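First chain written, first letter: the chains are A, B, C and D, and each begins at residue 1.
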Amino acid sequence: MPSRLLAVPLTIAIAAAHAAPMPSPTHPSRSPWGPADEIGTLNMMTAQSRQAILARADASRLYDLSVEYFVGMPSWHLLGDPRYQYWLTHSPRGTAVDDPAGVGAAQNAAVAYTGDAISMYTHTGTHIDALNHFGLQGAIWNGYAADEHLGDRGWKRAGVEKFPPIVARGVLIDVAGFKGVPVLPDGYRISAADLQGALRRQRVALQPGDVVLIRGGRMTTWPDVDRYVLQQPGLSLEAARWLAEDRQAMVIGGDNLSLEHFPVEPGHSWVPVHTYLLAQRGVPIVEVVDLEGLARDGLHEFAFVAASLRFRGASAAPFRPIAMPLRPAPGRGASGGGPVP
Amino acid sequence: MPSRLLAVPLTIAIAAAHAAPMPSPTHPSRSPWGPADEIGTLNMMTAQSRQAILARADASRLYDLSVEYFVGMPSWHLLGDPRYQYWLTHSPRGTAVDDPAGVGAAQNAAVAYTGDAISMYTHTGTHIDALNHFGLQGAIWNGYAADEHLGDRGWKRAGVEKFPPIVARGVLIDVAGFKGVPVLPDGYRISAADLQGALRRQRVALQPGDVVLIRGGRMTTWPDVDRYVLQQPGLSLEAARWLAEDRQAMVIGGDNLSLEHFPVEPGHSWVPVHTYLLAQRGVPIVEVVDLEGLARDGLHEFAFVAASLRFRGASAAPFRPIAMPLRPAPGRGASGGGPVP
Amino acid sequence: MPSRLLAVPLTIAIAAAHAAPMPSPTHPSRSPWGPADEIGTLNMMTAQSRQAILARADASRLYDLSVEYFVGMPSWHLLGDPRYQYWLTHSPRGTAVDDPAGVGAAQNAAVAYTGDAISMYTHTGTHIDALNHFGLQGAIWNGYAADEHLGDRGWKRAGVEKFPPIVARGVLIDVAGFKGVPVLPDGYRISAADLQGALRRQRVALQPGDVVLIRGGRMTTWPDVDRYVLQQPGLSLEAARWLAEDRQAMVIGGDNLSLEHFPVEPGHSWVPVHTYLLAQRGVPIVEVVDLEGLARDGLHEFAFVAASLRFRGASAAPFRPIAMPLRPAPGRGASGGGPVP
Amino acid sequence: MPSRLLAVPLTIAIAAAHAAPMPSPTHPSRSPWGPADEIGTLNMMTAQSRQAILARADASRLYDLSVEYFVGMPSWHLLGDPRYQYWLTHSPRGTAVDDPAGVGAAQNAAVAYTGDAISMYTHTGTHIDALNHFGLQGAIWNGYAADEHLGDRGWKRAGVEKFPPIVARGVLIDVAGFKGVPVLPDGYRISAADLQGALRRQRVALQPGDVVLIRGGRMTTWPDVDRYVLQQPGLSLEAARWLAEDRQAMVIGGDNLSLEHFPVEPGHSWVPVHTYLLAQRGVPIVEVVDLEGLARDGLHEFAFVAASLRFRGASAAPFRPIAMPLRPAPGRGASGGGPVP
């Protein structure tokens, strides 16, 4: 199975040259928000920032950015993680036979009870990664060590339940649209130049604190498991650095399974963008986002509202983000009209 | 187990007298929104209604109405449904031993991978019930029959994935506050008069299309499993009728496990409020809502924003609703100042 | 997914000609062991038959006929059934962090607790199918109707928990050995003539009440998921009939996933051998049996001892059968030396 | 929850006096069977020992020592471990609606497919504990360290899949019968003297390599969850030492949930018998054994045959042991007639 994931033997891979030296991937970063921080760049969100964006949101047009959950849906399964399962625990006919409440056949027939249960890898469907999802050398963002803080019930620190609801400006970067293709080729590495070109085409500029959502068009292959999961195009480390450092993105997401591309670049770990964003920069990652509606309507800037489930200690949680167009900000012209770098 | 749920033998229970004749519990209602309707009163929500409420929302104050998920949390388990489970599928030390990606010990140590999975009854934690959760005599809201539409993967009709994100006016009815108690007594039946008294005290009037959230104070017993789950106080059928018919509530919820009280009133099925709201009126039910913050701050009217996970065919889905205070509506005075009936 | 399973569209398939008319597949059979029977041909086993075979067993040589359970193992997943999962619920380091028993860090370190859980489709690994696994037109063996006897917790009748431990004569029919191949070709249909030829080569005759285990060599592809699961060679309906009717086999099993071959013969349902054996003849089916050791040693006749887990109401249960060579029966010569038909 | 398990605060408990000094519970033992040993005392079983006992077994009388698995059954849940779950994945009516195989409604109706799945803590129902279940200070029997050998998929060493099928002499020690009670009192500590008294009454002597099964009568409370799980009577450490060291038992089991008594004796860890037998002596433990039939018939000596499922890396596995009476050994008188110490 690993061979489907990793096309080149990593042990013989050669480090790629980079214009700027890479952040040393030997330890996670200490948070600028203090030694108790567990949410990283979500600290950029304030009462004022939330209100500034929500006051401009047009709820009469509402985009649902999530996917459905169903048995057989694509998910990260290459390393043995459980796929989405759904099952009935009560059905109208079943309760009539079982009578679990001891109320008799007539009552069971009368109320026609349906109950059900699900199980899933927490990174299934549209979801957000917590900062504990990947670390470096046994510790995660802000230096929390697994040996000290990871129990059998998950992390005592930086679990996804710590994430607040997100109300922020969202920006779609439609790289597939910029390239003029329905979906980027398998394994394509999205560069900073791709992001910049797409933003220029869209006439939208990023602002610190944005939720940046990158469209490679991969959702057009949904729900074909192999086409969606294997050899995905995605964000390069260099582009991630531009977003996180130059543009100060608060959250970075995409329409693909794992944000970054597979196979990875030579000279890196098998998840260099994850370790960089989560452990080095404290930037939450959002994956499996349906950006097709936004792209179709050319809506590149919007209010992003999402509240992830509070799974205690977990490395991710599903949510159902919504996007709403923005009305012009008071005292200025069309939104996002400034030049992009 | 049933004996803990149902204090009186239902088979010998005597029908209670009601001022008005009960809706006949022999078949579900046909939807006024047409033969294809699967979402019931959520049809009351429109582009205009969403925008009318969101335009007044103050996102600088944001209330999280959800509970955390953790192993051992209270949930509906009396009829054998699975409790919330969480487990690690990848840990920093475990991947170093297993090497599931075949990348070698050094790489596994470098990236410190944590992955995890969960399983749960869909009605666990803060959640919304779909209209297929309870029916009558083998069919659900709008007449969809289980024999025709219920597969092993859930309902082909009226699954929770059909519910849109909800943006609506929310109203807290603080019955515990009205009664001057931290929590209503075990098994207490909340009457329409209780609701009316609490609204009068709060000086808030209900409007058609509201998300009505009833506080009995049960969340103060959280997370004590027995105290939260057993013998809960809750909404009476008579009060549910007042909300659904007289006040045209769009969604009805509460801070307890099952909205309605247990044990039930004599002369009814074991879930009369559920069958009435879901199958007879098409009103979605919301449960396990944390209303303590709203009650503490006396915030009885707010923008309610929530988007439930799209579990295909399911009878419920978790979500994390948020509440935001309302600024005064343009062209009128303080909100909700009218007299209550 | 179905296309990988079923190579020909069944709706346009044409019925194959058979020398003898097929049993009408329109309803399950009534048991000759009476209206309360739930175990079918296992009724052939008696105190005497058990003792007759065990008295000849040589426990000094013991063959384990089972496979291991592990994450990623082949299993029947084509229709969405859950694959085997294993996870830790307690680990030495995890309990030290979590302290679930409230005994403190020193105690947790002292006792180094490991606990774990599993989940699986009941037909995973070496297992036996109960008679409720497949029926005909809504009823199973002996006429038990699903509407009356199938609850959400499984069947009230003919669940696998009704099966007694099995102590019987086992016979290996090594068809791959007879054909001189390591494994039969994909989709190969094992005929009665193949069985007869193999038996003749082995110089073993079947007797009523035998546990018949057919080796197509498929276990040599284990644990390659696709090679083991897809397009499997297996027992034809005609050969199943010969075993069940002419030879009065008590149990029929194989080293492949589903006993019968896929794709199926034209003119039949997608599981004609299952419905025939389970619903028409009351013959339990055993699958995923490791017969390599027996074949390698030429051990074609043995004592078969197996006790399946008692999953109440279930359609299958795993077990770990063992085989032991037979010493000569008192008062007769070498075992199984008679002529085969 | 822990308070229901542990009646005395362990941190203030005072060490009990023992006639002989306790084995130091600071590290697991090295195996006398060599540095690669993973099965401990099961090495005592040989081809000869198996055959010696099986040759005397009377299969015409067969005792099933296992319990059924069903939703709601008692299991070890006090520390959050998942209880047994069962669910349908395919049902006759459900497949007719879902048509997962794409064969159409007529075919689905024709074959009446039932499939199901289960999940459970591995120590649920009648089961055997592997030697990795409890260790001491981060390592298990024979010194295997968790940091080196415990992955997210279980132990690389001493997993339960390493256990061979067991064919051995079994001895029932009916302590409840000896005491003249249906079930020992809650928390009762079974002493070595109790075992010796019961054996004397039974006129059976233990032999090295026996599977020793101790009956406290707890199965008479099955399946009452609280009565079976809480405050169980069980084996004392002193009695365990007598069995393991003086009598050289190969396997030790009981009819209760955890073999040993709860609450534990002062001065010990919360599972002193487990760490002693598994980590110090390499003796597998068997639990939740139904000994009522044997006790009722006064069958105290028997052939014990059991084969546990091969869950790779796991700390336990279920099985369904059978017991068969013994015919007299060739060349000696009635079995087990010697004096007991």
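Worth pointing out:
Just so it is clear, a contact is a pair of C-beta atoms (placed from the backbone, for glycine too) under 8 Å apart; a residue touches a chain by one contact, two chains touch by 3 or more.
Note that the structure is predicted; figures quoted are calculated from it, not measured.
By residue number, over half of the contacts seen at A-B repeat in one listed pair from C-D, A-D or B-C, namely C-D.
Seen as a C-alpha superposition, chain A sits on chain D after a turn of 180°, to the nearest 5. In terms of their C-alpha centroids, the spacing between chain A and chain C amounts to 44 Å.
Among the residues of chain A, those in touch with two or more other chains are 71, 80, 82, 85, 87-91, 93-94, 100, 117, 119, 147, 150, 152-153.
If each chain is drawn as a node and touching chains are joined, the picture has every node linked to every other.
Those residues of chain B that touch chain A in the complex are listed here as 2-3, 5-6, 10-11, 25, 47-48, 50-51, 53-55, 57-62, 64, 66-71, 79-82, 85-93, 100-104, 107, 109-123, 125, 132-140, 146-147, 150, 152-155, 161, 164-165, 167, 269-271, 274-275, 279, 305-316, 318-322, 324.
On the side of chain C, the complex with chain A involves touching residues 1, 71-72, 80, 82-83, 85, 88-91, 93-95, 97-98, 100, 119, 147-153, 156. If you check the complex, the residues on chain D that touch chain A are 80, 87-89, 93-94, 117, 153.
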